[in-house]
């Protein structure tokens, strides 16, 4: 009964099927028919012109997107606990050539690592136009956030307004974008707000090795295309990645998978009561648990990561069995 | 009847089977059981301690390997027509942070873009210890070369001796390493010579999305491990890549596939006579053909790339049908 | 009566004289007789083998030194308020190719932005050997610190011991190294501790445009020599920079100048009583002053920078007149 | 009697005087009154709006200028023997983050390393819009060229037209811009053509440590300002650099110095007859001389660099004595 991470879960059968259907004939390098479908499919999904590139990992998606929004001498404002800052081994420093992540505090308490216009201003106002200081060129938010909280459309609009006022780009790290949309019950367009680029995550949501970088400004995709090749991320048999992405869109598989994961997380969250560190909105559950309590759960066969000394993180995936979630919920309630 | 490139060919059934067998349970990020098998399997193959990382593309393999051998202020000597110089969109400049590719002329005529100690010395001797000049730190050779020629073990030994004398690292770009070994009929160890790192290509040889970087100095792998993550090439479901690599090694599938491709190329080459630009050793055939002749071949249904104004390149793959190769051979002979 | 910064003060007459004495004949690029004297002069000063490069700015000195100690994928531990983090416009990100500054909290209260082994461990222990995290490769301390505090030799030894235990390099940003030595009354060697590289500041201390990077490991200087050229910091008329550095060493001008600045700062500090934010050890005085009080001082003709909303920073230079310092001291006391 | 290089010559007395006049009071960092004069002075010189930054070396000037015209994934077309390619130790790779120098052949024979539209097209046309190839973003020409040849205004206009047609930036490396203008007898504006940025060299022409980057598009200067700081080239006592630059402009000292150097070179060139490798237009003379002949000249006390195995380069400076030039001319004629 594993709740370690959604990013190691099995591949969805419909993704497998689509990959195998792509196996037929020779296809040109980065110009196969499947890859060429992506722009139209995402444009339909978001109701506006999109230019879309597949790439193998979320780290590459985030960094390639950000590199189109921020020059090497610039900065990207993100939350102090953003994945790009704490979990990508310096990849933004590599892809953005030493550009600076400018770390903002988010809303306090149960804010869940979400940025606010105030938190952003606190970082960028004091150093404005000071040549001794890195100047901001973009903002990156995570939807859903690192603590499983979803930005409401109005929150994104407010951040977007600040970005526009200051001439900053806006990027959404959507490693769990499906989970956010599933929770919000809004359109994908509403969940991404006025961003120029979205890392639309699929690997955590039933895919194998394909994420989509969705550019809402096609000119940025033209830059990213060269940078993708330059980063060794242009796969010669890219049709197998395109097939994965298309399978996820087909019949809203991405949304169904996310709903399933969210439901399992909600089940667990309900059992946690005051132990909960953040409201459960997506598919992650952060729970205060002593070391003894964690040991007890593990003795019952549950796998999960510690979260600091006094808490644990449980992540549900598209294929988490309802019974397993229920069993975990009961075990926590019984502590 | 496609002879465009081996890098877009279909995936071998045994690779598919291995990927699906990896689909079972959750597995830890970059620490799955399959990935852990790689070091032992390659150590057995090469008869010495190897540390091995999978990565999705040959460009990433080459660049991650080279980045362990050359600092940002250094240079890598390679042939003027090396893939890293002419076909990777500046990826070495990205991964090596602006290090310089120091371009050497190879042996003349039918040399096939192979380096020699003399050609290397002609580049590095005149600027030795001059602070206004980038100094060499590594040499990169391509086995088989960009024109389908294989380095003989003695040639690699001579280059390796020069590298050792000057304190330079040695890297082998083995995008078609299998084709070289199949042609040479030697051991893999002999075909790689005294290199510190080998990009062992599999995507062109029946794989889908996994190449192996083989480090003969395990300390380099420890550096590359961090750089792989930093480049967004550490896939969370890496077990599917490890499975591909292991399937290629199993029962020497890599060698069987390469032999098949080489045989098809040889068939074509035999028909070309004086049109041949380079002896056919691996799976590529470079043929002098006028524009009219190329048009005629295309009219017969053959797909291939032009090679400049007066020639064409035909590439055979693991799955090239004997009939297709024969048909092409006859069509060329009949021109 | 300016107390804005020592880094814009006039050039000392003996520095001018030395520059003019260097004007005579043509001299080879980076190989002039004056530049060749540096190694011996600094080796004598520190009582051990030194290899020394001049460079025009402290930012370049810090970054070139750090680049010899930390690869692009690594990290440098420094204090959260270190100059390299807060005041160099991202230069370390540029010179170290995206390496990460790993920010440590220093000793609390009057600690003055000084690092401790505990503060360093709090940053590097939790992420040790985690491939998703940037790993530390070096530590950088500022002597005297950003708040004018000097590291005692025992403090440096303790940090150096941790560095050695973990295989980390140690760099000292000595933009105000002279002020630290003047305060400590120890030898330069004691004030630099077991560092591999020191940015020995001279511009803030009476020089015009030359700092010295002192490498206690000559092999590092050989790397830095190429990187200096690559950064456009190898000046063709470098003899004028070497002349400045030699003039500063001659007769311990660097120490005399620092003593004069420290004395002026001490004079001011004595008048500040409980307003002092940090003990005055070097030539900077941080003073709690309301906005009205600062306005009053400015009305009296004193120039200085605000330090946040409720404080001010006064910096004394080698040429601060005793009368000016006394006048400022009296004006503060009279508030 | 030194003809090694103009870049190590003594500093002109009027430059010294201006530096000392700048020594008076404290001045703000990068905002001093002298630095603020630069834009107006160069705007008057070029008859259009200029934004100007001082920097210590020509390498830094070239690289900071190019970094405003070419992103990390792009390329800069330059001559195969351009200074940025052969003499800056990889600095463009550093400042442009791995962007590629795309090497063009120049006009043949006595072309003197000058680019032509045809030579540029031969490099950029074959790889146009190919994602596997670095795409050009800028062109860099050297005025006067590495062989002392000056681009005529019409030649620059033709290159500029090509640049405009392809959306490429145009940079002029004017390390010896004064020598070119002095030879051409045109206005500075005519000698720079439709460039966006000029590295206006002064160190080789009587300065000590200040070159001017002249941006004809002020928006580029705003980018370069941050990059200059980031590269450690923002000197705190920048008024001493601004003073040098202003002294060079004052009374056209830059033009007088260049004329003097050109005249000395012309004197030498006249004596060389058929030995001349390139017409002498600026202050460099390339002469075919056997090894014995060079030895004979050195035995007469002449200092100069070999130029390959069968030639030598003589460079005249602003302070080359007429007698010395005459003596060299006679010595060559007498060989």
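Going by the order they are written in, the chains are A, B, C and D; count residues from 1 in each one.
The rule is short, and it goes like this: a contact is a pair of C-beta atoms (placed from the backbone, for glycine too) under 8 Å apart; a residue touches a chain by one contact, two chains touch by 3 or more.
All figures in this text were calculated on a predicted structure; none of them were measured in a lab.
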Task: Intersection of the contact lists for chain B and chain D - done: A, C
Task: Far-end chain from chain B, centres as C-alpha averages - done: C
- [ ] Averaged over CA atoms, how far is the centre of chain A from the centre of chain D? Could you give it in whole Å?
- [x] 49
Open item on the list: Based only on mean CA positions, could you tell me how far chain A sits from chain B in angstrom?
Closed with: 34
- [ ] Just give me the whole-number Å value for how far the CA centre of chain A lies from that of chain C.
- [x] 42
Task: Touching two or more other chains - residue numbers and ranges from chain C - done: 72-73, 88-90, 93-94, 97, 131-132, 134, 226, 229-230, 234
Open item on the list: So in the complex, the part of chain A that touches chain C is made up of which residues?
Closed with: 72-73, 75, 86-90, 92-94, 96-100, 131-134
Task: Residues of chain A that touch chain D when the two form their complex - done: 30, 71-73, 97, 131-132, 134-135, 223, 225-227, 229-230, 234
- [ ] Mind listing the chain C positions that touch chain D in their complex?
- [x] 2, 4-5, 7-11, 16, 20, 23-29, 55-61, 63, 88-91, 93-95, 203-204, 208-209, 226, 229-237, 240-241, 303
